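Heads up, there are several structures right after this.
Both complexes below contain subunit A, partnered by subunit B and then by subunit C.
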Partner chain A sequence: MSDIQLNRRAFGRLLAAGAGAAALSACGSRGTPGPDTPLRISAINHVWSQAVRQRLPEFEETIGRRVSMQLLTADQLASSYNVKLNASATDIDVMMVRALQEQLLFARNGWLADLTGLVEGDAAFDWADFQEAPRDRSITRGKVLSVPVVTERPALYYRKDLVSSPPATLDALREEAFRLTSRDLFGYVGRGQRSGAVTQWSSFLYSFGGDFTTADGGSGIGSPEAVAAYRFYGELLDRAGPPGATNMSLEQAMPIFAQGKAAFYIDADAIYSNFLDPTISTVREQVGFAPFPAGPAGSKPHNIPSWSVGINAFSLLRDDAWRFIQWISGPRMVTELQAAGIPGARASAWADPATLAAFPAELAESMRINAANGIGHDRPEVIQVGRARDIVGRPLVAGIIGQDVAPVAAEAHAEFADFLVRDNRQQEF
Partner chain B sequence: MNRTLWTALRALAITVVCLIIAMPVVWMIAAAFKTNVQVTDPTVGLVFSPTLENFRTVLADGEIVRSLGNSALVGIVSTVLSALIAVPAAWAVGRFRMHSTGSLVLVARIVPAISLLVPWYYLFAQLGLVGSYTVLVLSHMFVSVPLILWIMIGFFEGLPIELEEAGHVDGLTAFGAFRRIALPLAAPGTATASVLAFIFSWNNFMFALILSDEDTKTMPVTLFNFISYASTDWGGLMAAATLMTLPVLVAAVLGQKYLVAGLTAGATKG
Partner chain C sequence: MSGFDRSHRRLRWLMLAPALGFVGLMIIFPLLFTLHLSFTDAFGAVNAGKGYDGGQNYLDALGDGRRFWPAVWRTVYFTVGAVVIETILGLAIAMLLRKPFRGMRVVRSVLMVPLLATPVAIGILWLLILDPTNGIANHLLGALGVPPQEFLGSVSQSLPVLMLIDVWQWTPMMALLLLAGLSTLPEEPEEAARVDGATSWQRFRHVILPGLWTTLMTALVLRAVDALKTFDILYATKGPGGGSDFEVETLNVYAYGLTFDYQEYGLAAAVLVLFTLFIVGVVVLLRRRSREASA
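Moving on to the complex of A and B:
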């Protein structure tokens, strides 16, 4: 018996020693990437990423290093960052991030490298050439933490065969949508999901004269303007929208318009190609594009950096990661990508008529107007964006299902005010 | 009369349940043969002119084929290694009443997998294993070993001990009795447990999402290539999902006899 115990103990020691030796030897090799170590890019599965992937051989030749690009959905990308960067991962070098959704949190956690010196120190990169709204959103606590690569505004998609000209005001949109609603056609389709709808609703909110927060940082969703915007959006989807609209985000709403079952649709201009693709759309001959209609406060759509690129603070290949950002967000590549139909953030690219030729003329004009009027955020600018969107989205759902919006908005306003106090405390870093 | 009514009701209930279970699979297979316009058009049901374009696109995509290979490799290796460890362990737990040890192993099934990922990732990153097949096999074994162990414990406990005792009388050692008597008799149980472990591994998404890289990623992660920011290629997605389902479906159908025998064998003693 004592022999068995001795053996077990000896085995345990052997195992511990083996594991320790393996860990130590592995630690010893950490921190020195070899020439074969690839530059790793984590990105959203987006037309931008697909276009970049096709052009990677050019960049690989320049740096003499293989580039590995992982494409994921937005949720998976966020989960992947949360798990990996919590463990100080070094196998991500370039990170694609949503500046408005994640940057504040990532900055607080120290996950994004400071790019201020790099972007401002390179004259050829021309940081001042980036549009003001997206550029401002790349800066957290005075540090540039990301560089915007894809921008987004809302567009009004409409059926040219049903209306002679697009509605210029929100009132006209509502009137036309109600008039066109029938058994076979929805007058309007749009996002109705509690959290998913908030970003598109933001343009309605601004055009009614409201905002998510007030000038002193309090909740703005209880203001008369916000309540009017909630009421308008809810009524539009309730009376002219498809059944089950509260379950609809981009993935559900977009096919309804593409199938020719709705007269109007407001969503991101980045998705326009879906309506021109014959394998997805039955309305490619009939679809028209227009700027966001004016509300009581004018036409105030959002103009946001939907996707940006940053460098993982734990990356061992920071120099090559910066060279990638220089290459992909430099004036030449942004112009090239925009000419291929992917809207970027550089003012020089937007001023170049050749880059707009890739878009349908009506859409290019609508993008230009929306960019000029655009507001630089489409969701509350807080650390816990997901929670904030849940709170802000509740009165939207109430409106869509035909409930009285005012009491729900008042409740949400109180909850949002408490939330902002707590969130502000977390922002002290 | 009553009996006929009951039989009819039972048949109806079985049909309804089968339909509910089969509908998503039928929809998936039908969608794989549709264009994207047809998939998103609710007026197009099961009557449409089919296209093979989705399968052509999917099979021409080297990444899909590579991911199917990765899934098969990780699934087979993790299942075989898990069975090699868990089957003898289950015999030992069952025969020598080591149930507290067995319960300890079960902790692996109780702890939510997501809570393991951060420490695992940290540990494997330190060892330089992230992105390798080794880490995927090890992580899948973490779940497969308890699964096989607990299915097989019941199985071995159900085998009459007299058979092994007869072997001892004829000169077999304890391990010899396991190898020559218990193991062959436990073949249906081993098959059941292995098929279930393989299905778990084949479908596992979370471990592969975090621990694999572009070269080693498995099919559940690759499926998301069809879902992009602004659009979803439903036809391609369903074709790839159909291809992914086929091997498991074939394995389940072929192993059905063993599966049923294995699942019920551990349920009674004697």
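Moving on to the complex of A and C:
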């Protein structure tokens, strides 16, 4: 030990060298990316992402760069953005985002690159070809921040062996569901989780003539129409639904219908293939597809861009990220993917009957009708969507567990009104 | 101080530097940053706070009777309920396994199984078993003539069911810790009590338990702190917010929701600071109790 002598100067040099090395290594991650740096895509584990992954070699050849695609669940993806982008991470280039859930918040945080000049400056990309509702949701404060790639509407899944024709109205749906409910069969199954059910309930809300907010931006969930929609949905699941419905999201509700234990099920049209897959479904011969039934205000389902792609504002490969978006959401690829059963957002693809050939005929017709009647949002359009959904979903839960909806809705209405005032303040950016 | 001593002291600091750097970077910095964040109005992004809010986050949290205080109560209820049952069962199992018997190794290995699985896997496993419609639990109950239960689908049953799952997973750990404590106890006092005519209960109450007290309190502190922090199994089975009526939302789940679902980083940090103080308080209380009992 005594052989190792360390004077003050040497000690200082060592410390300085250590600090310098640490600083250099920190700066290194912000340097210019080399040709071996992959283009990194963060995406949801979805049929769209799987179809894209299969086609990646074609794109890699075009740009001469490797592409790395990370697939996560929706919750994991949101948490990953929260953690990484709070640290201004550069290891995400292309981000799959839910325009209605995250875009406003990400825009406020400055996490999404402005694509306005890119989408409008490329005639071949044909930005005007995107359906109006999804296109509008891609624009925040006049800037295009994402490009829609997957659209979604609700579909009524029903058992053709139990009813001669699908119910055309919500009243008929309720009547049939109650009639068919027995010890061995649930008349209806659907999402019942406080937050998870809000998006599917939105179509009921619109069809009863309500909306989450009023024209002047106040709370709409205390209106008579909204209370009627809460009461209807709660009663449907309470009287005709499975036990434990308040713990049910897509993952719990879908298998119940697929296993032949429910007569009706309303959920996203994108999940139809689960009922045709013999490894999951026992009802592939009996399942029927129908448009969203009409309520007192008509049939008003949502028609939303469920998933979009944007570019991380901290990305060092923005040019290649844009080339990816050009490639994957261009007219040719959207047509190709829609023909493979993944509904996109381009009007030209929807106008081409060949792109709907992959869907069962009844479903294709239902999607076309729902898209024509569709409303462009399925949740409150606010910054803090998570808290808004928790507030809006509370009366739903009350209805499902058999409580009187009106007082809970009145309480939620007051809470939502306060929330909207606070959220509006946060929108000043 | 001679030149050698100074050089020696610097070398000592240099050798300690990596460990100190690690502690500073990975423990002290996050703690201080959380404390700093708890006094800001950071919303949306951690660096989006406009300045110090004068402790408003703490006032908001402590004045929140809808989410914060119910979460505190559930944290206490879950921890006390689960740990008390685990301790009693663990002690009973340890007493049963204390004397050698045929197949002892197999029994001890089987006891380890719940400990080896990850909480998320356990959560999903129990979610499938207890599914009200397709789960095997209701099929078995049906065969016994018991009406189907909602289990984790029920607002009122969820927390007790999750406590029982925690008991299922962590009782073996308590048993193993207490078994290790029992194996260190001398046999003579118990033999002497037996010769003097003490009953089994008297030997347990007056001879074994006092000897085991230190091990018991250590196991209790370890398990209590762990139970207070339970998150994964609650989140895996009930999702964000601890269920549709926040029925299993403990402080940990609440803080997670504030961070990742609501992006209210300032308030989330304040809740975490309060939660940390709460845990430290519980540990100090249990250790003081243990010292008093030993003295």
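By definition in this document, the second predicted complex is superposed on the first by the 408 of 429 C-alpha atoms of A that agree within 3 Å, B and C clash if a C-alpha of one lies under 4 Å from a C-alpha of the other, contacts with A are read in each partner's own complex, and residues count from 1 in each chain.
Keep this in mind: contacts are C-beta pairs under 8 Å (C-beta built on N, C-alpha and C of every residue); 3 or more make two chains touch, one makes a residue touch a chain.
Predicted, not measured: the structure shown is a model, and the values here were computed from it.
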Contacts of A:I44 with subunit B and subunit C, given as first, second, both or neither: first
Touched partner set for A:G244, first subunit B, second subunit C, both or neither: second
Which of subunit B and subunit C A:G402 touches, first, second, both or neither: neither
Partner chain(s) touched by A:I383 [first = subunit B, second = subunit C, both, neither]: second
First (subunit B), second (subunit C), both or neither touched by A:G196: second
Partner chain in contact with A:S80 - subunit B first, subunit C second, else both or neither: first
Partner chain(s) touched by A:L72 [first = subunit B, second = subunit C, both, neither]: first
Touching partner for A:G117 - first (subunit B), second (subunit C), both, neither: neither
Touched partner set for A:Q426, first subunit B, second subunit C, both or neither: second
Subunit B/subunit C common contact set on subunit A: 79, 86, 255, 259
Interfacial residue positions of subunit A with respect to subunit B in the complex: 22-23, 26-27, 29-30, 40, 44-47, 50, 68-74, 76, 79-80, 83-84, 86-91, 250-251, 254-255, 258-259, 268, 270-271, 273-274, 279-282
Interface residues, subunit A side, partner subunit C - complex: 1-2, 4-8, 11, 14, 18, 75, 78-79, 82, 85-86, 105, 108-109, 111, 186, 192-196, 242-249, 252, 255-256, 259, 261, 383-384, 386-387, 390, 393, 397, 400-401, 426
Residues on subunit C engaged by subunit A in the complex (per definition of touch): 3-4, 6-8, 10-11, 14, 17, 43-48, 131-134, 148, 150-155, 158, 238-241, 243-245, 257, 259-263
Residue ranges of subunit B touching subunit A (in the complex, touch as defined): 35-37, 40-41, 117-119, 121-122, 125-128, 130-131, 209-210, 213-214, 224-225, 227-232
